[in-house]
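Here chain A shows up in two complexes: once beside chain B, once beside chain C.
Moving on to the complex of A and B:
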């Protein structure tokens, strides 16, 4: 009886070996790497038929499937095999022949369950031993992401691979790696809602590939504006996925670091702001006159040296155009309110920076002792923390607050925000009212907006 | 005591490999003589500073002449005993005492060395030390999988060990033509040379070998993609004693090369030309005509061959026992009929993807080849139950047939399995992707042949969960709580 049992086990094992081998073979030898997706196909009956489904049509994408009956057996078999050799591999005690056979177990186990960091680490070890190639592995991670789009370990492995590739490519060519990553992350984000990992990966790619010193400002700004355009489209289609907004907010922050503005989007926003504020072309012609118009006449703004008009234009355009349209169509979505908070916060932050006032909107009021420090240095006011216990918001120095309050930008923000709140409060929908109430509280207490 | 501390000290160095059975033995101990001397000195100095006095005491105790075994046994006998030991035991003995070290590491004990188990540790200096130790004694050396071996150490080996007869360099990827040139220059007696997967090898190597090694009988140049017909031609001219020629995956080998090989080396018995897809019928014709002793032939992947090849093989090579023709899709029943009539000693046949063959081939094989043990019919889509019935009634089925591969034969049904019950020796049947086969049929076959392995895509039967047991455990938990 025992003998018979072990015999059938051997038979099963050779079947698993064959299935795993076939899987690896297909992935290795897929022509032109057209293999796009992998998925587990639910089946009820189990005929004597290969559980691997491989769909190939001339000129289109290839698809790979695994019938559900074998999934748990394959995974169990592959993972026991892998854990058996895990230690030996780590200590580099496996022969090259043994290491070459390891990949099929890794492929099988990771396709089914990519959340096992140990397996990815084994892959890394094999790559470092030159048993596996980085390019093929990138394609493999892409395939895994088509099955489990939210797998953080897979993105992590992909980043590791990309870093490895970076060391072999010239800094000028970094930017060429972006389109592929954009495609992968977009695909993953489409597949799973609120795919935080995909968007983080996208941001990581921008930070590592785009913001290297060798890439000139023009191509940087081109990529950023292109991405802004893309993310606008994304937000319109996925209105309540906050991950998408987060990406857009990251992009807006990126603009701060880019001085050039020769772009259709920046031009649109530029013209929009001009009409909105009723400025003349001369006012917009240079940085200083623009800031003077917005913040009131003065010669000594702290951050005058920075070229911020671009940033401000984009923020204003976002607040008064993009958000306005979105809000018209989808008033019940909380994400839009959050995005609004972000924009308002950053506009205010910029203004306070310009005036040289330290602005700490989230101060814990009860703990801070009462002290005012006022440093007058070359007519620049630098005010550090103010707080009065019991008061809900930080008090600013009278002179500065007056200037701030009277500035064009501040007034326009105050007016529009409280208008929005007012119209929302009067809407019939209870949910919208609640959101508006919350926003109003935020405006008053956190953003310290002093309005009507 | 000193040896304990010495081991500890060495284990602190990187080289020791714990936990890996035999490996650690060759690791640290042998380094004392395989590694270069400068390292030993370093080690001795730091070691002596630790235990100068204990070493002094111990050398007295272990002083060679005082040890009892050395008094009783003459050196010749100890040497004789050592000659029966394997590499690992020899290395252990070499650590016992100075006298034993000399005896254990005597070249005469190291005539045949296989370093496959230590492939990751073997580096250039080790080979150099081995060749220095063994010198003329070395006859057989296997360095399979030792990837860090390069030309320099192999040149030293060739110069110091002129009597090497059998050298296996399978997978030593760094080796280039200059190794082969050095071998050809110094090792005239070389008979067997395995250069499998040494991808840097070119025609120059084969030319050098043909000049320097006329005794060569076995050569393996599989996966050396740079080898062309010129190299093979030169080799054939220079080494007429060649018995075995293996060149898997050398796509540049053409008909002309095989014709030369056949003309000059009539004693060829083993020929493997897997994946040489430029080969045409005339090459196989000449091979069959000249080399009548051929008993192993692999032509898998030579898709241009036709029945003409099979017929000439049938006429000229009666001793053929293994024939692998996977992927030769132009072969038909007529060719195999001729083959089955005259090659009565056929034992192993691989007919994978010979898509044109039908039941007729099986009928002829069943009648003509009583010794068939191993038969692969994968992807032969025209095979039906009728063919299997004939096969199972033949004398070969009852006596010899042990492995039958029928995967991807879509017409096979459970009836075939019924027929196969008469094959008493059958140990393995492959039935992957035969969609007409059912679980019931397989179960019936198993009940007749208890030791058979049936390979098919059926989900393993999970034993029914023992509901009673788990429930009981739950109850026990409740009691404890």
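Moving on to the complex of A and C:
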């Protein structure tokens, strides 16, 4: 009896070895070309054939699948093998041959469960020993992400690989690494809803590859505007995924730091704002006259307002065009209200900065929690402290505040925002009414919008 | 996501419903599951049309999917399967439009004897692609005029549409349109309640 049992164990082990070997072999040979996805396919019975499904149609993408019945056995076998040698690998006591055989267990275990940091660390050690190649490993992480698109460990490993590649790349060429990362993150975000990890990875790539000193302003601005266009398409199709909007908000903030550049988006928003506010070409001809028109004449605004017309135009376009269209189709989605708060907040913030006035919301901290201000940055908290001693200061700034209130930009925001609240409050849908009520409270208490 | 997965035209007879033409967009599903998902969408379309009385509209929510159905008085029926975020009235406008065009192209006298193979109606794929973006697809004004939204009956699960005593599990087990693989797939999906618990 015992003998028989150990025999089947042996048979099983050789079967697992074979499956793992086959998986590694397929990936090793195909990952450079067409292999696009890996998935576990629900099959309840073992039909006495190989559980590996490998789809190769001529001219199209290749797909790899593993039947679900064998997943837990394979994973158990591979992870036991890996933990057995973990310590030896760390102490560098494995021969090159032994290290080379390790990869098949790593491939099998990580494809099934990429959330084990230890396994990724073993991969790192093998890469540092030159057993594995960085390029192929990047492709492997992409394959893992096709199965587990929200795996943070996988993204983390990918960043480690990218950093390693950066050391061998000329700084001018950093920007060439972006398209592949954009493709990977888009794919991952498409696969899993609210994929915050994918968007964070995308932002990390922009921060590290685009915002280095060696890259000129024109290229930076091109990439950012291209991404704005992309994200517009994205939010249109993923209407309630806040992580996508967050990426867009990050991009909008980036525009602040990039000098005015001509391109189709900035031109569109420019023309839109011109018509919206009924301005003439002369009003828009230079930064100074444009800002004078928006904020009122004859004031020497803080120097930081320079080069901001692009930023303001984009914000206004977002509020009066993009959000308006989205709102028409999806009035019941809370995310769109959050995005609205972001835009209005940043428009107001910019105005207050130009006037050199501190923002003075009439609230205390307990209200902050209640009104859900997670879209608003830390700034509010700073101002909250200020508001505690605000009474005296309020008088001091009365004059400036009046001027701000009467400026064209302020009035147009007040009107549009209270209009939208009014329209939504009269809607037949209870949920929309509730969202509108919340927004109204936010406008009055956090944004401190005065009027109407 | 705002996404259309399936657009189908069916004919409702006294006892069952026959699919006359269907178009699918299943790119977002795993490669090895697309076959089963398609079978399920077909199965659900039929099941719901069979349980919708003529001259009425229904929208059925099941997990993250919506199934919109309209059976006309002349027994021609249209089904849209979408993500739950896809605007409902746009989905119903799409069905109306498709059925109107279908009636123009294919004479109503031939409907009872048609099968999916001998219907040529490639416009279905065009519509499916075009309506993926509801904002571009149609002018808002048109939608407002066409549709009285209050007339659409809403259900929160597919079980609510079934007749008394009927169970989805039994219907799946009995169905001839589903392969053994798809039935196994349905069972696993039910158990794990994963994103594929369609049906």
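To be clear about the criterion, the second predicted complex is superposed on the first by the 410 of 452 C-alpha atoms of A that agree within 3 Å, B and C clash if a C-alpha of one lies under 4 Å from a C-alpha of the other, contacts with A are read in each partner's own complex, and residues count from 1 in each chain.
As a convention for this text, contacts are C-beta pairs under 8 Å (C-beta built on N, C-alpha and C of every residue); 3 or more make two chains touch, one makes a residue touch a chain.
All values derive from a computational prediction rather than experimental measurement.
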> Should the pairing of chain B and chain C on chain A count as a clash or a fit in the superposition?
Replying inline: fit
> Counting only touches as set out at the top, which of chain B and chain C does A:32 meet: first, second, both, neither?
Replying inline: neither
>> With both complexes superposed on chain A, which partner does A:93 reach: first (chain B), second (chain C), both or neither?
In response: first
>> So in the superposed three-chain picture, is A:167 touching just chain B, just chain C, both, or none of them (first/second/both/neither)?
In response: neither
>> A:11 in the overlay: touching chain B, chain C, both, or neither? Say first, second, both or neither.
In response: first
>> Contacts for A:70 in the overlay, against chain B (first) and chain C (second): which applies, first, second, both or neither?
In response: first
> Counting only touches as set out at the top, which of chain B and chain C does A:275 meet: first, second, both, neither?
Replying inline: neither
>> Per the contact definition in the header, classify A:44: touching chain B only (first), chain C only (second), both, or neither.
In response: second
>> Please give the nearest C-alpha separation between chain B and chain C in the three-chain superposition, to the whole Å.
In response: 18
> Which residues of chain A touch chain C in their complex?
Replying inline: 37, 39, 41-45, 53, 55, 63, 65, 68, 190-191, 193, 236-241, 325, 328-330, 333
> How about chain A: which of its residues touch chain B in the complex?
Replying inline: 4, 7-8, 10-12, 14-15, 18-19, 46-51, 69-70, 73, 87-88, 91-93, 95-97
>> Applying the document's contact rule, which stretches of chain B touch chain A when the two form their complex?
In response: 17, 19-20, 23, 119-120, 145, 147, 171, 431-438, 450-451, 453-461
>> For a test of understanding, state which residues of chain C touch chain A in their complex under the given definition.
In response: 1-3, 28, 30-33, 85, 87, 90, 132-135, 140, 181, 184-185, 187-189
